[in-house]
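When the chains are written out, they are named A, B, C and D in that same order, and each has its own residue count from 1.
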Amino acid sequence: MSRPRAREAGVRFGSLSTGKKNSIADVAGVSVGHSTLRRGEGKLVVGEGPVRTGVTVVVPHEGDLFRRPVKGAYYSLNGCGALIGALQIQEFGLIDTPIGLTNTMSICAVGEGLVRYTMDRNPLAGVEEDTIIPIVSECDDSYLNDARGLHVRPEHVFEAIGNASSQVEEGSVGAGTGMVCHDFKGGIGTASRAIDIKGSEYLLGVLVLANHGNRNDLLVDGVPVGRLLDTLDPKRKEMGSIVTIVATDAPVDARQLKGLAKRVSMGLGMTGSCAHKGSGDIMIAFSTANVHDRRQTDKHIVTDKLLVDSEISNLYRGVVDATAESVTNALFKAETEKGRDDQIAPALPLEPTIEILKAHGRIE
Amino acid sequence: MSRPRAREAGVRFGSLSTGKKNSIADVAGVSVGHSTLRRGEGKLVVGEGPVRTGVTVVVPHEGDLFRRPVKGAYYSLNGCGALIGALQIQEFGLIDTPIGLTNTMSICAVGEGLVRYTMDRNPLAGVEEDTIIPIVSECDDSYLNDARGLHVRPEHVFEAIGNASSQVEEGSVGAGTGMVCHDFKGGIGTASRAIDIKGSEYLLGVLVLANHGNRNDLLVDGVPVGRLLDTLDPKRKEMGSIVTIVATDAPVDARQLKGLAKRVSMGLGMTGSCAHKGSGDIMIAFSTANVHDRRQTDKHIVTDKLLVDSEISNLYRGVVDATAESVTNALFKAETEKGRDDQIAPALPLEPTIEILKAHGRIE
Amino acid sequence: MSRPRAREAGVRFGSLSTGKKNSIADVAGVSVGHSTLRRGEGKLVVGEGPVRTGVTVVVPHEGDLFRRPVKGAYYSLNGCGALIGALQIQEFGLIDTPIGLTNTMSICAVGEGLVRYTMDRNPLAGVEEDTIIPIVSECDDSYLNDARGLHVRPEHVFEAIGNASSQVEEGSVGAGTGMVCHDFKGGIGTASRAIDIKGSEYLLGVLVLANHGNRNDLLVDGVPVGRLLDTLDPKRKEMGSIVTIVATDAPVDARQLKGLAKRVSMGLGMTGSCAHKGSGDIMIAFSTANVHDRRQTDKHIVTDKLLVDSEISNLYRGVVDATAESVTNALFKAETEKGRDDQIAPALPLEPTIEILKAHGRIE
Amino acid sequence: MSRPRAREAGVRFGSLSTGKKNSIADVAGVSVGHSTLRRGEGKLVVGEGPVRTGVTVVVPHEGDLFRRPVKGAYYSLNGCGALIGALQIQEFGLIDTPIGLTNTMSICAVGEGLVRYTMDRNPLAGVEEDTIIPIVSECDDSYLNDARGLHVRPEHVFEAIGNASSQVEEGSVGAGTGMVCHDFKGGIGTASRAIDIKGSEYLLGVLVLANHGNRNDLLVDGVPVGRLLDTLDPKRKEMGSIVTIVATDAPVDARQLKGLAKRVSMGLGMTGSCAHKGSGDIMIAFSTANVHDRRQTDKHIVTDKLLVDSEISNLYRGVVDATAESVTNALFKAETEKGRDDQIAPALPLEPTIEILKAHGRIE
């Protein structure tokens, strides 16, 4: 029996409506794919395992991203983490490769995979056309995974992209396989909101790779569930990171997308995070509107239709609420994982959690 | 009968201890002063009132700040607001005048007051020594106040500094006189935390000028009190701003202080804000440690004793929790205010709020 | 006899063509106005003078800027200086008041002048509409001026705006009255370039308030004229600041304008600056293209026609060359000024300078 | 016969003294190593060559950098380029791996090499201790090199580090093998300055990987040599990038190092660059002072002795001049290189260049 998502269990996150799938893939064209590496048990033997890691890719649209990039931005709440491609995102306000997520010391393997994938689709890149800078971020899964073994290889990127679909798998999967969140098993979570702006509907989705926080701080719908749960003490000393990706079809540019990325902080605050030192809290945001072919060299002007700033607040609200829901979904969906040296990340105990929420009037 | 602070009413904000006064003035040397301008009633006559505004100053230490500046940083979550002095804070990582808070169009009056005040104490400034750039931030109180009347003048800065003490008055006072928060009366709030780092105790305090948010979003200890209260509909259409000041005696430098300032976002998230467009969300942080005399020109090296980054997390937790408590204190302490054109910002109804919190298991 | 501009004396700055007036006012709609305060001689008596200061305003277009702001950005190479309005420029990517320049401790007087001027033109601002945050930057003229006297008052802003025209006066005028550049008399300088992009012509203009550098470092067209001139030793110990304003009619947005602002650094490098500590090096850039009425609230989308990034290089080249020319124009045009306590900023000696340039093959 | 460095040919860059070697390795402990990949000729066959590329590493000190990181900062003048590790440098103000330079699409190979090298020296990294994020930047050498062939592999990092010494080879070597600068052959250049601050001497060195600019813009000591040279027309249409590394033993922290990094822009301006679009202009700066063991967990405070800001100007001057000299050295030292498809980057013709400089009075 699969575990429920938070909303299926009755938890609510604000008053905006979700998209149909309540996932980042509610934004038309966005797909997500995983490559999960899970093998071996018991004592760590570097290079042999146990392996609890993987790759997750978020693909902004099905076309040739290198030729038709989407508007993009990033924000670093806490830079104890890596984002290959950060400077170029900032400079041009664009995302021009799929976004790869993995464990910290595998960012280069994933980066090389994205370069090879993009070269395959662009035979002139690096000859007559520009060279390719990949976009990769990460969290540290070394509590469960043989991180020094560098088990992720470039081909896992091809596999993850091959698996990409609009049905987003959550929990202990892909890059999320070895992640721990508020001392429970974490990983991938997603949510979305349908945003009304003067009668037009826009979709906004969030996906997190959640590997952050300690138990004491965890809030579910404002209730300190972490402190109230009667469970074993957490073992992990280091507190990890969270990477968040925000997607929307609203016509916002890089400046506005950076504003969306910054609001992720507020959703993390709602679930109890304080972005501990040691935690890389990195946010990437993109919009699928106003996509242009950048090889079209006959004209020097493009036309963008852009949202006026005075109407952006509902997108901000959507980011905050969908972030809180995504983190909670990662916790609700992930199953207990035993990793290297038999270290365990226990699943969030669902029934006690729901009891606590009922006792606090948060679930009817 | 004075209204209680949130903690006096039984609300808790995380598990860290507060300082003795639970205010920014728990940080030794820090004082806060107000100059409150409240006169007139009824219909707005520009230049005549009604006046509902003022000045609040946060003074980092009692000595000559221009000569002995404190380490400082700022962060702009949402730059729909002003911070005179921002570039210089960023460049040198220092705060070298008292920090003035007021209404938006009075920042220049307050800035000139700070320049005059600092000149008085530094007779060579602007002749043989450097010129003075003041530090001023603001929120928009024009819902209640005759903002176009520019009633705040430089002398109110002298009055506010003269009033500065370690007993911080909260609510509808000083710069907070005309402010509205989550559609209730807002203004000044403060809180503090005592932070243990390897056996040493540091103090960290927060002060907010709260003028942001709408009722629908308000959370008190995680409970959507704004939606649950059975009160009149809010009238204010525009959603305002919040300025937050973080003070500590922990030995952190500008880089680390910027990290503290960024965490304020997460505390705002906990109280329901999404930093609406139109809201300037500006954070200033300073440390009273490692203060040097900058006219001491016989040597070119100073010695700083600095906190190692790996031990900073409790300060981050303290910022988040004390921010949430400060916003809530502003709401708990502020009395109903009727301003220009009889527009009203109603006080947060305390008894119904406490009933709701009890019903949700948040107050015993 | 008026002193010549650098180009009239035969100096060249790169290979791009200038606009017709070789000034920032070549960008259609841009005007510049000065209010010059020059009175008294001899020993400093604070509050009485001597006064050598003023206000300069750059007005992006003749219409209502508050209602129809231009795209804008700023960059701080060295933040030892003030820019009131910085956070709001960054947040919205807009300039919505005239840009005021003055001496350091008069920024608040100029800011209040801009607020009053904008209120006069917008009777609902601060009542039914947004409050006003002015845009003001500064350099320190206290070597020549009674800076502590705060002689600039809000009414000088009205005077400067009243004087604004497309004929830009250079040298020791307006905010430039008391400024010193590379130990010679500095002040206001301007230049422009006509930029061809795929057959379309765009104008780009630069204006500087030059108060920076020491004599030893000065380069004119690459020649170390400062070191080669046989003149009296400089007296000023402190090295000041430079504020640069870049205007263009090319359709660039805030992200691209920040790129233009950053290139100013390279033009300053060409004239010998290293942005000494103590020097605030602040750049503001705006584009007069894509102006929208922000009170037009019936629609939530605007249409911008934007330059593609791949065609922006000529604008960058134009900024660098026009910056170098503007600084040199400030030096060529400014007359010797004797200020407080008979301190002197000597004009750049033109004939020896031209002799040196001829000897180095830079002027025929 | 080896080509001379610029200073050996009589060119001067400002009035500060150089260090003994006039290289980045004048900063005690700093070493530089290259791994050069040069094989094949003629028509491009992807994966087979011709290969004109390599790796250059700058090693801040001989010890264990991961355990004893140096203070560091970066600045992006133009972010059309990659810097793996950027966010972590910004967050902690530290450099904790050697800095790797290579071609654009090889950053991940070099990053993986740095991770493996650091793991070898830190057997607990990624198990009990933190995971490793490498620091890598790049320029695009695809005009001469089979960039799509991804010929650089992680083992070349080990080779480059093995080759690291305090004798810095310049020109067409290591990462510089395939680089083109102002349409002449570019690559690696370096220079240094000895900086007196109140009687104490500090060393400051610069190293560039120069792959930027067009011929028309090239300035040598202020003279437009590029325009004055009577040579063949340049073929390369795309204008590339420049990565600059600044090292010093002056006791400056991350905030101050960012100031040094920003001044690189001004040195690039002096040599004629305007940071064309398509050019990634990335600067990294580090200080070897105030190094602490970050595993020393018994105390939470470290003591730093830091330069006061008022004495930093000579370091700024040093950065600007040494940057200009480093770029010129790259041009003076690099030999003509013929690469893929027989595309040629001609060496800067030295005798004509020197003739031009003599004719303009810049060399005696």
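Side notes on the structure shown:
Throughout what follows, contacts are C-beta pairs under 8 Å (C-beta built on N, C-alpha and C of every residue); 3 or more make two chains touch, one makes a residue touch a chain.
This structure is a prediction, so every number in the text was calculated from the model and none was measured.
For the pair chain B and chain C, chains touching both partners: A, D. The minimum number of touch steps linking chain A to chain C comes to 1.
Between the CA-based centres of chain C and chain D the separation comes to 33 Å, rounded to the whole angstrom.
Centre-to-centre separation between chain A and chain D, using Cα means, comes to 34 Å.
Remark: chain B and chain D have CA centroids separated by 44 Å (rounded to whole angstrom). Annotation for chain A: residues 78, 92, 259, 278, 309-311 touch two or more other chains.
Touching chain C in their complex are the following residues of chain B: 44, 46, 76, 78-92, 103-105, 107-109, 111-112, 115-116, 119, 125-127, 130-134, 140, 142, 147-148, 150, 238, 278, 280, 282.
For chain D in complex with chain C, the touching residues are 14-15, 77-78, 216-217, 219, 221-223, 227, 239, 259, 262-263, 265-270, 273-278, 309-313, 316-317, 319-320, 359-362. Listed in rising order, the residues of chain B touching chain D in the complex are 91-93, 197-198, 200, 251, 253-255, 259, 292, 294, 297, 299-311.
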